[in-house]
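Letters are used for the chains, namely A, B, C, D, E and F, taken in the order the chains are written, and counting of residues starts over at 1 for each.
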Amino acid sequence: MPIVRVELWTGRTQAQKRELARVITEAVVNIAHTTPEATIVIFQDIDKEDWAQGGALASETTE
Amino acid sequence: MPIVRVELWTGRTQAQKRELARVITEAVVNIAHTTPEATIVIFQDIDKEDWAQGGALASETTE
Amino acid sequence: MPIVRVELWTGRTQAQKRELARVITEAVVNIAHTTPEATIVIFQDIDKEDWAQGGALASETTE
Amino acid sequence: MPIVRVELWTGRTQAQKRELARVITEAVVNIAHTTPEATIVIFQDIDKEDWAQGGALASETTE
Amino acid sequence: MPIVRVELWTGRTQAQKRELARVITEAVVNIAHTTPEATIVIFQDIDKEDWAQGGALASETTE
Amino acid sequence: MPIVRVELWTGRTQAQKRELARVITEAVVNIAHTTPEATIVIFQDIDKEDWAQGGALASETTE
């Protein structure tokens, strides 16, 4: 604890996830007063086919 | 907000997800009094190997 | 299966949840070809203090 | 209900998931006084590239 | 890792959760070959007003 | 999108959540190249009675 779950569109690189994990962990440790070892960050890729806003799939409304 | 998350068995088509996103968004907007733009629908495919009911994996009890 | 999870701001009534459950279940049954009995809908109330968009808590930017 | 969601690193076998589903369902039925048919277990594989602890991705700190 | 999330109807006692945490952790350690320290179990109480099956809220169909 | 979900032990203040939302949103915008308006952060408080590690509830092993 804490557990941070980040849902991103598929396609973010390993480098972006590495940097996000580092910065989010640092923020959580500093602000919520916990330790890095107790802080878990999980990434979940979401395809644009699996995500809708305004009632339409993102795969059909964005490029 | 609202965020609606729909877990379905793998295999539903893009057309089914498109129609589900449309109808669910319409229901949420009408009943919960929000806007389409504020309503997010996320689909998550679950394989039958990853889902159990009655203590048995669906991949081994259904066809 | 399917499992539908609906996150709404705290304050929606029992009547709204009842109607949402009914309409969403009907949509899932018709579109994804499953049965009402196999369809689960779970509501999770989120307080505006626990939800941020644009980097600011909804409790401090909406009324 | 109940719904049990198990996040594991990618790579566990079908046999391990089958055994986990069986044992967890049995525990939930006995301890929480429900039925096997009402108990759902869902597995979600997480890649080590998608999981960080201590601010570092597991894919870069474990082998 | 692993993370196990258990959704139960509100009303299970502290003793039931303690026993569930103990037995589920033991099962995960033995079957998925991990350590107790790496295994997290999180309970989430769901009110019957927030859970529907067959299109109807459990608060209105069960007692 | 992105959606960030932060599970924290109950007791963090509104000020801590406000600061976490601000810093996490900034990190996601900069690193994942999105906009603040598209970035949602949701906090979920977990009681120590509802969280176990090493097979024991945190309410019985921490103070």
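Keep this in mind: a contact is a pair of C-beta atoms (placed from the backbone, for glycine too) under 8 Å apart; a residue touches a chain by one contact, two chains touch by 3 or more.
Please read all numbers here as calculations on a predicted model, not as lab measurements.
Colleague: Taking touch as defined above, what minimum step count separates subunit A and subunit D?
Modeller: 1
Colleague: What chains touch subunit A and also subunit E?
Modeller: In this structure, the chains that contact subunit E and also subunit A are D, F.
Colleague: Which one, A-D, D-E or B-C, has the same contacts as C-F for more than half of its contact pairs?
Modeller: The same interface as C-F is formed by A-D.
Colleague: Using C-alpha centroids, which chain lies at the maximum separation from subunit E?
Modeller: Max centre-to-centre separation from subunit E belongs to A.
Colleague: Nearest 5 degrees, what's the C-alpha rotation angle taking subunit B to subunit C?
Modeller: Rounded to the nearest 5 degrees, it is 180.
Colleague: So what's the Cα centroid distance for subunit C and subunit D, whole Å?
Modeller: 25
Colleague: Using CA atom averages as chain centres, what separation in Å is found between subunit A and subunit F?
Modeller: The answer is 12 Å.
Colleague: Express in whole angstrom the distance between the two chain centres, defined as the mean CA positions of subunit D and subunit F.
Modeller: 22
Colleague: Can you list every residue of subunit F that touches 2 or more other chains, as numbers and ranges?
Modeller: As it turns out, subunit F has residues touching two or more other chains at 1, 3, 7, 40, 46, 51, 53.
Colleague: Which residues of subunit F touch subunit E once you look at their complex with the stated criterion?
Modeller: For subunit F paired with subunit E, touching residues are 7, 46, 49-57, 59-60.
Colleague: Over in the complex, which subunit F residues touch subunit C? Could you list them?
Modeller: Residues 14, 17-18, 21-22, 25-26, 36-37, 39-45.
Colleague: Once bound in the complex, which stretches of subunit C touch subunit B?
Modeller: Subunit C reaches subunit B through residues 1-9, 12, 16, 19-20, 23-24, 27-28, 31-32, 46, 51, 53, 58.
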